[in-house]
Structures are given as structure tokens and as C-alpha cells.
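Each of the next two complexes has subunit A plus one other chain: subunit B in the first, subunit C in the second.
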Partner chain A sequence: MSAARGARGARGAVRWPGPARSAAAGPGAALAVLVVLALFPRFVSNGLATTIAVYAVLFAAAASAWNIFSGYSGYISLGHAVFFGTGAYTVAIGARDWQLGGDQVFALLPLAAAAAAAVAVPFGLVALRVRRHTFVVITIAVFFIFQLMAFNFSFTAGSTGIIAPILNWQPATYNEPFYYLALAVAAGTAGLAWIIRGSRFGLQLRAIRDDEDRARGLGVRAMQVKLGAFVISAFVTGLVGGIWFYFIGEALPQFAFDPLFDLSVALMAFFGGLGTVWGPVLGALVIESAQQYLTVQITNDYLSEILLGALFLLVILFLPRGVIPTCGELITSWRARHRGRAPAGHAGAGQPGAGQPGAGQPATAGEVP
Partner chain B sequence: MTRQIYEAIVDGILGGGVYALMAVGLTLIFGVLDIINIAQGILVVTGAYLSYALSVHLHIGLFTGLLITVPAMFVLGVAIHWAFIRPLRGRERTSMSLLACYAVAIIIEGVLYRFFGPGYVTLRASYITSSIRLLGFYLPYIYLYGFALAVALVAALYLLLYRTKFGRSVRATMQDQTAARLVGIDVNRVAALTFGIGVAVTAAGGMAYGATSGGFSPNSGYDLISRLLAIIILGGLGSIGGALVAAVFMITVESVVDIWSPNWAIVVFYAALVIVLTVRPEGMFGRAPTRAQ
Partner chain C sequence: MTAALRVEGVTKAFGGVQALSGCSLDVAEGSITGLIGPNGSGKTTLFNVITGYERVDAGQVYRGDRKITNLPPQRVFALGIGRTFQLTRIFPRLTVLENMLVASQHGASQHGASQHGPSQHGPSQHGPSQHGPSQHGADRRWRGPLARAGGPADRRRAMELLEFTGIERHAAALADTLSYGQRKLLELAYVLVADPAIVLLDEPAGGVNPSLIQHIAARIRELNAAGRTFLIVEHNMDFVMGLCDRITVLDYGTVVAAGPPAIVREDPRVLDAYLGADDDDKADDDEAGGGHD
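What follows is the complex of A and B.
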């Protein structure tokens, strides 16, 4: 359904009111948000606030990366913590074994992303053979294999974990480099998601989501396309994992490979709007900030867990399509009603009867105010 | 060595029976509702904690306590279905229901932390600590009792499914929901009751798990659900016989590998799953999925 809509938008032949306008408004609004986020540390120097901001922006990148695969292809992955943990451990082991210290360790971040992408290839080749429930379950199973490996191998130091090298930065501005690094990754990922959504590749992904068999019948090389998206998604998630490792200062199996990470990114994407470009980013900024804030305010672990679950259920039950699609619909219907009244006022501006099948045409007239 | 392997196989078969009971509930729910109840693991742990609370605070025996915990879990299951599963509609229902179950699971986990704390607890009874000498090695009585309980309940489920009118409507719904609706089956009622039954067996499974595992905590749910998922996928989603065979097979393999390397036993479990699925994506006894219309 939405794939067909995308096809028309790409050709540019038909004016399609809803998505076309939001696509045009997208970059402008995104740029404004980016400027606000970039200036954020200039105005807020509170350590707690900037720490929360770093997590929120990191998760914006992770949720957006998850969405590039799961949102566009419809294959819900609950195993992205595999890539997150792989990224974190790659940096951790590299820094420890090559005795890198200080700022040098940031040179390992591309390696973290590459390692996660390398893991995604065999993982995807096995998991992407199956669909729906079975796929979800395989991702969970692979996730547990990785967590167990982190616990049991000697080079991951088991449950002792690995400590990050100490960074000799000023405490007052310690969070800032992390923040800008995370922001750059998040902006890059959102941009990538935007480009992919409009591209042939993105169209193939959404065709797979709508009907995989039919997409194959039409000549989409489903396995290659799915695997491509899976690897791209893993690449970014590994990068995020690497940054997270420095920021938090240690890699432990239960936190680097955390089942709640999988659930959180999925929740963020669902909350904002699965398969939309900006939904997961919005979801991550809102949910991660709220969650970090609550974790600080409420010291009970179990309470924040219950709240996360309850929020998730509320979103699923009352906002199943996410904030951005729901708001988009409200705006479109409001505009449609507004437009319906406007021509009646100006005699001869347009025939009300034209509003039936060709509703796209009078839209140009009604758009001006 | 031979004796160790022999002992591991017996352990595996008896323990596998308990897992079979939990897995049958899970695969039954899948067959009827087309959803995977990710919360099954934590519900098993909840069943174990209920037995624990009854035995510690009210001094009710573990097996007698089942008369209370099984209906309680049945009601909980019907409530979860009514509140969170039934309202889900539309194209994303599959992924939504999975996530809803996951959310229910972490809420229950949080509630268990609240009431019982993060520490491990153990169920206590005379038949857990005392052993019987059997074919040259000692076996705690609870293994036999747990296995007997599992066999009895699976047999009861079998009779319910294959010898009653309700069972026939459940099987009809599993085969074709639209056709079942057309011949006058109240599919929503069947779905709610099936979810309730699938959750109710976790009370018994949880008691047996708690008594044989040597300790459990709210965190045990993850370990359980990942095994259960592996079992039902391996057996073929929705296949009850497949779940029984896969449970006994997998737990036995794990138990045998455990002789050499306890840390890696569980990995063998998942590795077997991955290998089987690469060869046969629909599982050992599953039907190849038909194209959705």
C-alpha cells in the first residue's frame, strides 16, 4: 500500500497530498531540530542533563538504524543488541590488547561498526531464511548465544567485563565530545534512512514488507535486499555500541548484550511511527530522556521496568501506528475539512464537486494560507 | 563415563517432560491465536513463586498448592488475553502481539522483583532432598514426581483436545479460523480459553521447574523463554507432538553435553536450532507455511 504511494512520489507525476508535503517539510524541520540539538550544550551545562542528552541522541541513532531494517522490511528484529554488544566489545578488546589510551581509542570506532556488519552477514543468512514469528525467535536465540559467549569466552573476560581506558578530559565539558559524536552519528543515520526511504532500495524493502512473494515475483532479489538492510543497520548499531562503551566506561555481558536494548529500540520506533523516517528519532529522544530521568529520580530498578512495560502497552493499544503517522493523519483530515469549506466562501474559486475523486487538484489552491 | 552419560540421558528425559508441558502451552497458544507468548517464561517463574509463597506463608504442600495456582494462572491468562491481545487488529498484529507479550513479561518481572527481590529462592519439600536408588544411581524423587505430573497433564490436555467438543473447536480454529467461524464456533471464546489453558499449565510447569532447577529468580524467565522458543520452533510451530519430542530431545542433548562443559551446554541448544532451521525452516514436524491470502 505505502509502497505504491512511494512509487508515485518517486516518479513525481502525481501530487499526493499527505506524504509528498511531509517529505518536503521533512528536511526543513529536521534541520531546525538539528540546530537546536547542536546548540543544546551551549545553553545547558548541567551534568545530568547533558548525560541524559548523550543517551537520548545515541538511542536516536540506534532506533533509526533499527528502523532502516525492521521498519522498512517488516522483519521485526529483537536481536540488534548482538550488534550493539559486538561494537562495544570490539572497541573494548582492541583498546585493551593494543594498549590504546586517551583519545586514540576513538580510532577503533570504524572497526566496531565493521565488526558488527561482519557479524550481521552470517546472522542474516541464517535468520532471513525464515519469516514472521520464526524470524523474531531466531533473532532472540542468536542474541542469547552472543550473550552466553560474552559470559564464557576468556577474551571477553567473562562476567568481570572490560574497563574502558581513562579519558583525561575536563569534567565540566566531559560529555560534550560524546554528545557531538553521537549527534553526528544520529544525524547521519537519519539522513541515511531518509535517502534509503526515497530510493529504489527502500522501495524494494517496503515491497518486501507488504508482500514478499509478490515482490519476488516482480523481480526483487529479496534475500540480497534484506541482507543489505540488515548489514547497514548492524553497521550503525555497532558504531553506537562502541561510543556507548566509552561513555559508560565498561563492557559487561549483561549490559552490552541487554534484552532491554532490543525492546527499547523497538518501542521507540513503534512510538514514533514504524517505517517512518523521523518517528524512531522522535521516539528515542522522548522515551530515552524520560527513561534516563526516571531511572535517576526513582532508584528502584523494578519500578522503571514496570513503567517501561506499561508505556509500551499503552502505545500498542492506543497509538498502534505511532505518533508521526497519527498526527499526520489528523493534520491531513483537518486540512481536508478546512479546504472543503474554503472554496464555498470564494465563489468560483473551485467547484465543490471536484472534491470527489480528483481531490489532489484543488489542494494547490487551498495550500496557500 | 558410560554411567554418567546414562544418568544424563535419564535426567534429560525426566527434565524434558517438564519442559514439554510448558512448551505445549506455548505451541497451543500459537496454533490457535497465531501469536508467540514471549511472557511464557516469566509466567513459569510466576507459577514457581506462587508455589513458593503458598508453601512458605500458608504451609500448603507443593502438589496441593497446584489446586490453587493452576486456576489462578488460568484467570491471569484469560485476563492478559482480554486486556492486551484481543484488542490488537490489523496488518501489524503479529509483531504487535509479540511486543505486547514482551511488555507484559517485563511488567511481571518488575512485579516479581518488587515482592520477592532479586535473590534466588528454592522450593523445599522432603521429596526434593531425598533420593531413590534407581538402576545404579541416585535420583531425587521430585524428578519422578515432576515427570509424572507433566505426563498426567499432557495426557489431560490430549484428552481435552481430542475427546471433547471444546477440543474439536480448538483444533478447527487451529486449522482454519475463517472456516471455524463459519461453522458457528465462537473463535474469540476459544482463543481466550486457549490462552488461559496455555498459561495455566505454567503453574504446574513452574512448580516442577522450581523444584528441580535448584533455585530461581525473577531473571530466570529469559533463560526459560529462550529454551522454550527453541523447543517449539524446532518441533514446528503449532505442532503439539513436535513440541513433546523436541523438548525431550533438546533437554537430553543439553544434559549430556553438560557432562563435558556446563558453560557451553546451552549454546549447543541454540546451535542445534540454527542448524535444523538452515536445513528445514519449518522445524522438524511443522507444516510448510501456506501463503496468506
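What follows is the complex of A and C.
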């Protein structure tokens, strides 16, 4: 099978190798999910359900945005709440200081995204100079700086917080505009994640994830690429923060700059599949819905969080790479067994001794002229 | 002959260890130059200094007439200098073909060609390719950052190089699944994607079986015939002596001998420093702080 692909490649008709099949299946499935989500409020008018749905879709956008940076580049950020809070406070402060009321506040959303992106530039220029654990620690530190600032500055109103202007919408359909706005942002973000993954930019990000120094030695301008992804990710997260502020109705430092936000988006991405296009979306829809539902049903925050922790442990134990990659592998191997031969994506693994120094060579030397 | 690559009095210390001290060498345009020396003599450090992975304490590095001292790796690469690593480094979670598409094909080849101009007949050609050099230039589609990775011309070029090195069967496999020897071939192939005029190879024959060594040597000769300059660190003496036009011997971070293989082989300082003193060729994983970070 792989030989056939190689031959085709020689004539320049190479298809995207490996993930081609799942990438082709992606848009179809995504469209189906989008249609279901778009029709959801038509069939469900229960206020609790639609509230949960708004949160779930907002987090789908946030997790997907987080994944564009952290999933693709391998730089795990636990500071994205900085962008979320910046977006929320930008809308809050703008609405208060410019006395915008009602629907007008939505005009501030692009500003929320831009403010978050602007914060990401200096943040990234500092934090992206270091890698791995150090990077994670720096992002957490920057996060706490922002939370402290929100608590202590007068223009953020400190721990009093800022209340959102009242919307005179019908209570029965109050959630709907939020839902569709969030859905549009989530769909746009997932689409962007999909485009980036297939792009040269995305390939460079994934090369940085695998071996940043090697990538630099192949001409990849690592700092620009990482910073670009960081800013794009921040832009969307800020937008989500702005919508969230208006939906929840107030910005308080401990909720706008919430460490649980960072853990949640990371958990959602890990659950669904870090670095995949649809994994974080799936993770967010499942985890956020479950968390919101359990919080309401059990009326006990701790118990719902314990249950989620247990779920996380199960995922780590049985689906360590996330739901989507593991299921993808199961499907691939099932198909391969059906055809009675090794899947293309694992051609090398099928060879005796592949991966062991020395053992694989005779095969290699044998096939070259 | 002009020097494609010139190192002048480069000094580099890691803490108290003097990895390079006043090291100077020329790599002639179009040559295959060997760089040998005992373990810890500074060969890999010299590679790291040339390609921008380490900063020099003193001294200069020139690419032709251009000073490239302390330029970052991506700039050095864009100026037409590609390298492989002693412990082969590929992108394990990308497919083999994706690995081939990481290198920026256009930047490097353009710089490489303009740097050399007509003085050399080779570097802007596509080495082994039977197709003309036009295919790069012909692919002038939109190249924004969000353009799809690898246009048809890029893929064709990638597949040609995979065929050239003999691993085209594995194009769709994850690079992680390749054997050690195949990884060496992949690393060589993706460095060539960008058409570097100068290629630095760090132990291309290390840990590889004899028939594959022959294969690699033949590929290097073929690329050299098309005009590429090579600087090769290698402990396998048959490989070095058979392949290289010139050999430079390092010891304690400084050049102790340089010249054609036949002469260097007989030089008493070399026998003393290297051939006589060290017959443990293969166990060479720690060049003095050799900087695999």
C-alpha cells in the first residue's frame, strides 16, 4: 500500500499521507455536528439545558483556541485565563466607561479580542523564550499577576467587580442569541484550527512540538511561528471572555481570571485529543456539559469535581492520547484487519525490528539500488 | 579555490572545558572535507558553532565572504548551510513526507543560489533530480502562512529526494516508525530539500550497517558531483579516507593537521593524536559538552 503511494507520489499526485482519510471524514462529520448544534434550541427550550449549552459551546471555542497554540506547538499554556479575563474586563470597562447599554455592548467584542491579542504579544515575547516546565510555570505566574491586578486596580473596581448592562430580551429565548453567537465563534475557531493544521504554519508548529532546535536548523523562524499561534489563540480566547462576561452578567477577578479555566481547557483538549482538530471541541462539549449538569443536579461543587476527576483518571488510564486519536487507531486497525494487511500509517512498524538500531537496516539496504 | 566555509580562530569554552581553542579551517568550494579527531576534540562543537547552535567566545565564521558568526540556526540555514545531527534528529510525530516539507524550500534555495551565482555549476540545481531546476520557480502560487503545506511542486521534490535516498516507500508512515538507518536517510533527505550549497554531516555512517554505508557514500558522491560542498565528521576511517578530498584533524579543540587523505594518514601528529591513541571508534556519544540540549 505504501509502495503504491510512493509511486503515485513520484508523479506528483501525492495525497496528504496518513491522516488524509480522517481529514476527509472530518468536514462531513463536523458539518453534521454543526447542524445538530444549530437546531438544538429549536427542539430544546428548557432554560437550564440551553444555559448549559451556551457554556459548552463557549468552552468548545476556548478549548479549540487553546489547542491551536498549545496542542500544535506542544507549549502547554496554563495562562490562557489572562486572555479570557482581559476579554471580559475589556467589555466590562468599555460598557461602563462609555455608557453603552443593551445590545450595543456586543460591538465591544472585537475590541475584547484585540485587547487579548495585544496582551499576548509581550506575554509571548517573554514566556516563549523558555520551554516545557519553565514555560508552564511562567504562564501560571503571569496569570496570577493579572488576577492580582484585577483585584487591586481601581479601573477594574477591585473585588467589587463590574456588572453588565441589562438586556431587555424575552426570558424564554434569552439564551438563544448567546448560543448562536457562541456557536458561530466555536465553528469559526474549529474551522481555523482545521485550516492551520493543514497549513505550512501548522506544519511548522508541529515540527516545533517535535524538535524545536531541529526545526530552526531547517529554516523555521520558531519565535515568530510560536508567537503567531499564541496571539491567534489569545484573540479567540478574549472574544470568548467577552461573550462570557455578558452572559454571566458580571466580571469578578476570581471568576474572570480563574485558574480553573486554565485547567478546564487543558483537560478538555487532553480528553478529546491534544493537537487534533476535533478533540478539544468534543472534550469541551462533553466535559463542560457534564460539569454544569452535575453542579446543578448534585448542588455540590465538590462532588461534581470529584466525579470529573475520576473521569479524567479513566481517560488517562484507557485513552491516554485522548478519545479521538485512540478511536482513530482502533478504526484504522479494525479496517486493516478487515483487509488483512498493515495500515499505511504504520508501514514501518510492520517490518521486523523497525525502530531498533541495526535491525532494520538489511531491509533498507536491500531495497535501494 | 575559494573557501565555501571558513572558520577563523574560533574559541569556545563550556565552563572550564575548552571545547575549541583558536580553531581555524577552510572548506573548499565543491570539496568533500572530512573532519576527524578523537572523542571530545570539539568536532560537534565546531558544527554547532558554524550552524548557529552555539555562540563563539572569540573568532569568526564566514560563508564565502559573508560573516555568519553567531547568526541563529534559521538564518544560517537560509544562507545555504544544512546539517544533520550526530544523534539523528527527525520529527517523530510527523509523517515522513511531512518531515520533508518542514524545511523552507524557497528561502534557502534562493539565498543559496544568489550567494554563489554563476561561479559554481551546482548548488542551485536539484542534485539527483532529472527534472530541470525550473520546478521550484514555477511554483509561484500564494505562499501565505495559512496556505496548505506543500504544493504539488514541493511534494514532487520531496518524493524525488525520498526516492534518491531510497525511503520513498515510507512516505506516508510516521517518522517514528523508521529504523535507525532510515532515520539517517530521512535526515539527509530533508536537509537537501532546501538545496543547501553546503551540507554538514555529523557521523553519517555511525551505527549503520556496511551496505547502507556504501549507499550513503554513493549518494554523497553524487551530490558532490552536482556541485554541493560537504563537511563530514566521521569516525569510520575507511569511509572518510575513501570519500573525502581533504581531511582536517582536530585535537583538543584545535587543528593539528589538514590536507589530502594520503598525507594526513601519514602525519605523525595525527597518528599520535588520533589513530594511535583511540581505537574505540564507535562509542562517541559525548563530545566535550557537545551541546545536544
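Before moving on, here are some points about what is shown:
Just so we're on the same page, the second predicted complex is superposed on the first by the 322 of 369 C-alpha atoms of A that agree within 3 Å, B and C clash if a C-alpha of one lies under 4 Å from a C-alpha of the other, contacts with A are read in each partner's own complex, and residues count from 1 in each chain.
The working rule: a residue touches a chain if its C-beta (ideal position, glycine included) is under 8 Å from a C-beta of that chain, and two chains touch if they have at least 3 such contacts.
From a predicted model like this one, the values you see are computed outputs, not experimental measurements.
When the shared chain is aligned, subunit B comes close enough to touch A:L148, but subunit C does not. In the superposed model, A:G198 lies in contact with subunit C only, and not with subunit B. Once chain A of one complex is fitted onto chain A of the other, the partner contacts of A:G228 are limited to subunit C, with no touch recorded for subunit B.
Touch criterion met: A:D213 reaches subunit B and subunit C at once. Looking at the superposed arrangement, the partner reaching more residues of subunit A, out of subunit B and subunit C, is C.
Judged by the touch definition given at the top, the superposed model places A:I166 against neither subunit B nor subunit C.
Looking at subunit A, you'll find residues 213 touch subunit B in one structure and subunit C in the other. By the touch rule above, subunit A contacts subunit C in their complex via residues 2-3, 5-6, 9-10, 12, 14, 17-18, 195-196, 198-204, 206-207, 209-211, 213-222, 228, 344-349, 351, 353-365, 367-369.
Of all residues in subunit B, those touching subunit A in their complex are 30, 35-36, 84, 87-88, 90, 92, 94-96, 98-100, 102-107, 109-111, 113-114, 222, 226, 229-230, 233, 237, 263-264, 266-267, 270-271, 273-274, 277-278, 281, 289, 291.
Remark: subunit A residues 74, 76, 78, 126, 129-134, 136-138, 140-142, 144-145, 148-149, 151-152, 213, 259-260, 263, 266-267, 270, 274, 300-303, 305-306, 308-310, 312-313, 316-317, 320 touch subunit B in the complex. Those residues of subunit C that touch subunit A in the shared complex are 51-53, 72-74, 76-78, 82-83, 85, 89-98, 101-104, 107-108, 143, 145-150, 152-153, 155-156, 158-160, 162-163, 165-174, 176-182, 185, 190-191, 194, 207-209, 211-212, 215, 293.
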